[in-house]
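A, B and C label the chains in the order they appear, each numbered from 1.
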Amino acid sequence: MTVKIKEFPGTGLRESDFTEKRVLYTEWNPNAQYAWDAGVAIGRYLAELKQGRLIGVHCNHCHRTVLPPRVFCEWCFRPMDGWVVLPDTGTVNTFSLSYVTWDMQDLKEPIIPAVIDIDDTHPRVGIMHLLGGVDPKAVEIGMKVQAVWKPAEERTGSILDIQYFKPV
Amino acid sequence: MSKNVAIVGIGFTSYRPLTPEVSYKELVFEAAVKAYEDAGLDPRRDVDSFVSVAEDFMEGTSIFDEYTPDQLGGMLKPNVTIPGDGIHGLATAYMQIASGIVDVVTVEAHSKASNVLTLPYITAYAMDPVLNRPLRANPLFIAGMEMNRYLWATAASREHCAMVVAKNKRNALYNPAAAFGAKIEPEDVLCSEMIAYPLTQCDISAHVDGAVVLVLASADVAEDLTDEPIWIRGIGWCTDAPSLETRGWGRAIYAEGAGKMAYRIAGIRSPMDEIDFAEIDDTYSYKELQHLEALGFCQFGEAGLLTAEGVTDVSGDLPVNVSGGSLGCGLLPDAAGLRAVAEVVLQLRGEAGTRQLPDVETGLAFGWRGVPSTSGAAVVLSN
Amino acid sequence: MGMRKVAVVGAGMTKFVRRALETPKELSYEASKMALDSCELTLDDVECVVHGTAPDAFDGVHMKGEYLADGSGGWRKPYTRCYVGGGTGVFAPIHGWYHVASGLFDICLVVCEEKMSSCQPHPQGAFLTIFDHTLERPLGPNLLWIFAMEMNRYMTVHGLNKRDIALVSVKNKRNAADHPCSLLGDANITVDDVLNSEVLAWPVQRLDVSPVTDGAVALVLAAEHVARRICDKPVWIEGVGWNLDTTYWTNRDLYYPRYVENAARMAYDMAGITEPRKQINIAEPYDPFNYKELHHLEGLMLFDRGKAPEATALGITQRNGDLPVCPSGGLLGVGNPIAAAGLMKVAELFWQLRGEAGARQVPGQPKRGVAQAWGDLMQVGTVIVLGV
């Protein structure tokens, strides 16, 4: 059918069509604000972060210890059996060197997001966070890292209570 | 076609204005565990497909379907999210089973409306960005305008609408899951604060949090699982013009379309005679009347009189919203339809406790997506 | 299996552009009208409508499905929207498939639309909100991060080099030069162009990624007795499958998309395919990034894990190769209006299997093709098998 069609609909515009007002448009800023209930599992996770600790949960059925915490095991579909305090060390599972911000502004020095497999959990159970205190060229998958926390009085019960993970 | 899919399990939480102690995942997990216990199933082993109902901007997360599978036992299984009413989700599950590709499907809908701090602004965000939103009016005006037109075009009065509120809130006193059971009189409704003429505060359902999970199964599986499968005899859904400027304002055309389709499949010619009771959207008081007419229970314009005569009371010929409806239970945006289905199932099974209707065989549940939408879905169920 | 047979009988699409003049409703209308015209049906013939569109945040309308209903022909008809992120484009025809296969309807219109350009100052910013609101959003993630991390993991586990991966960008953008609707078709692009392009989030470079795009695509599905009556060569939906992995993406190894394999198994099972590599003639896997085509080819079990790059280097996946992959030009070449992109791939199979793909036509009268889309937090696989 693409053989038979001569003309496909759709008109592309350029930036200049807007700046030179050849095109009419309306603007809107949505007012979208939320206060999400953390609940039992994440509520405790955040409280522990404020104390400078990582916490996970354990399922006696599949024997996994996982984080972030959840009240149910998604593999076995049963309630988790207990809390497990975890070390704040781990291994870099994967990472990137990002030269752009969340909204595509350029960065001279890269942000280094990573998935960090936390020690004492089921293999390949990690969290996303940032790496810091390291030369971007030196980062490797398999590197051992440790959390660098904010001072106690600055912690608020947030994932940002950890500033970043740095090589051990 | 009419007898090949049944509801074999239901689970729901109570409906409360605030649920600060649990996250939405934990709320849904509670309802899911109950539904699977009811059905006698292990979702990891026995459920083939999962359908969630959600809208990004109600959750505050884009691509919300990312966050649905785990709390239903659906990880690494077929899952889809339907932005629609819970009954649109039910229709999806029904079609999946009827196609033959799966036998057992879970449907989920929930509300965490309490977490949406700027809810009226979110609702306004659903309005046409060029033609309507710039007017910067609280979208409740759409319901007010429609109520105004409806009352003008019919024999219904504000008093009739107030009777609906009083009936449903009183019914809710017998529903342990409901949030707003109360003993009020129609006069109390008429005196409440005017919000968007002629809609008063009492005419409007207040939002609540909660979750509802259902499990559907094909006929063979259903008959193995339970002595009391509740059969989906007919299902229908319809969308009218989304535009405020071109939609009809007196009749709920989307409800007419949904009802016609569901009745055709169910082989129902006279809803009033063949359906014993109904759970019909009452997000706003006048909506129950408008929807009753659109669903063919009476002629256009007569629902107010029907209500005044007590036909839709618990003891009447067609009890409507015995659960309390959204006015009595609280409004779960987009999950209200599934809440309605759960009630119909309870009644048909004889499990509705102190609000049990005697000798019921066939019930109807109907959901509407609320302003500014013109989408509704209906399902006819039998025991 | 005793299932009702359903065919694709018509297709239409708009050009894929960076920023469209047309509104979301107009884009939907243009694609739908073209699809109906292509099989000489009118809106009155359509019994139900299915719409697929991804984040509401792009077009800037909550309950976007309701807003698009009239533009998609859903006026006073049974209309639903389905949503699985980027997987939506291949899920929408699946959703349409069971509308008809269930016996409830005989003719279904499937429409997918995306207008990403409305989101300012950059549509990419809307992707921030797909991450967990409490545990991930505070870190300020760009969607590129999760792709870059997956690409890094995939390359490291298999010991791959970027040169082999860059070949996919070259193949697809060159293929797209023959697609009349394409945004980034380029008959002359080279591997060095790709390897020299700006590093966005290492290892991802600019020419590894598909662009932000506006566009719409539509298909008409019909039950067998209708299809045979109105269409000279219906393209049958032989298999459908879909699968969603756990939300906890950091608890998984990203090197292999097991959810794509699960979806493929479901679709191949229904289609009676036991040896996919032999029994499938064309593949349109989802390629928002070049490495993704390879990742997904392996998930579709068309190549062994880690072996897709080698096959690409050998020319197997060229249009005139043993297993043409993305003859359309894919997302990398045609464009990536999130939900519409997947449906573009299904439309491509429709045209290819009917011998109507013009300059993009795969030689040898292909009989069977598979289209696949991906979405969410490295989570969703949606697969459809079409055959004549």
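Heads up, the rule we're going with is that a residue touches a chain if its C-beta (ideal position, glycine included) is under 8 Å from a C-beta of that chain, and two chains touch if they have at least 3 such contacts.
Bear in mind that the values here come from a model prediction, so they are computed numbers and not experimental data.
Enquirer: Could you pull out the chain whose C-alpha mean position is farthest off from that of chain C?
Expert: B
Enquirer: Comparing chain centres built from Cα atoms against the global Cα centre, which chain wins on proximity?
Expert: C
Enquirer: Go ahead and note the Å separation of the Cα centroids belonging to chain A and chain B.
Expert: For chain A versus chain B, the centre distance works out to 36 Å.
Enquirer: So the centre of each chain is just the mean of its C-alpha atoms; given that, what is the distance between chain B and chain C in Å?
Expert: The computed centroid separation for chain B versus chain C comes out at 34 Å.
Enquirer: Centroid from C-alpha atoms only, then distance chain A to chain C, rounded to Å. What do you get?
Expert: 26
Enquirer: For chain C, write out the residues touching at least two other chains, lowest number first.
Expert: Touching at least two other chains: 60, 133, 246-248.
Enquirer: Two-or-more-chain contact residues of chain A, please, as numbers and ranges.
Expert: In chain A, 28, 30, 34, 36, 38, 42, 70, 74 touch at least two other chains.
Enquirer: Would you please write down the residue numbers of chain B that are in contact with two or more other chains?
Expert: As it turns out, chain B has residues touching two or more other chains at 57, 60, 69-70, 75, 122, 125, 129.
Enquirer: State the interface residues of chain C toward chain A in the complex, per the touch definition above.
Expert: 11, 13-22, 27, 30-31, 34, 38, 60, 120-122, 124-125, 128, 133-136, 138-142, 144-145, 148-150, 152-153, 156, 179-181, 199-204, 214-215, 246-248, 250-254, 350-351, 354, 356-358, 360
Enquirer: Taking the touch rule as given, give the residues of chain C at its contact with chain B in the complex, in rising order.
Expert: It comes out as residues 1-4, 54-57, 60-67, 69-70, 74-85, 91, 95, 97-99, 101-104, 126-127, 129-130, 132-133, 240-248, 258-259, 262-263, 266, 270, 375-377, 379-380.
Enquirer: What part of chain B is in contact with chain A in the complex they form?
Expert: Per the touch definition, chain B meets chain A at residues 19-26, 29, 36, 42-44, 57, 60, 69-71, 73, 75, 112, 114-118, 121-122, 125, 129-130, 133-134.
Enquirer: Give every residue of chain B touching chain C within the complex, in rising order.
Expert: 1, 50, 55-57, 60-70, 74-84, 88, 91-92, 94-96, 98-101, 122-123, 125-126, 128-129, 236-243, 253-254, 257, 261, 265, 369, 372-375
Enquirer: Please output the residues of chain A touching chain C within their complex, sorted ascending.
Expert: Listed in rising order, the residues of chain A that touch chain C are 1-5, 8-14, 23, 27-28, 30, 34, 36, 38, 42, 45-46, 66, 68, 70, 74, 93-104, 110-111, 113-115, 122, 124-130, 141, 158-160.
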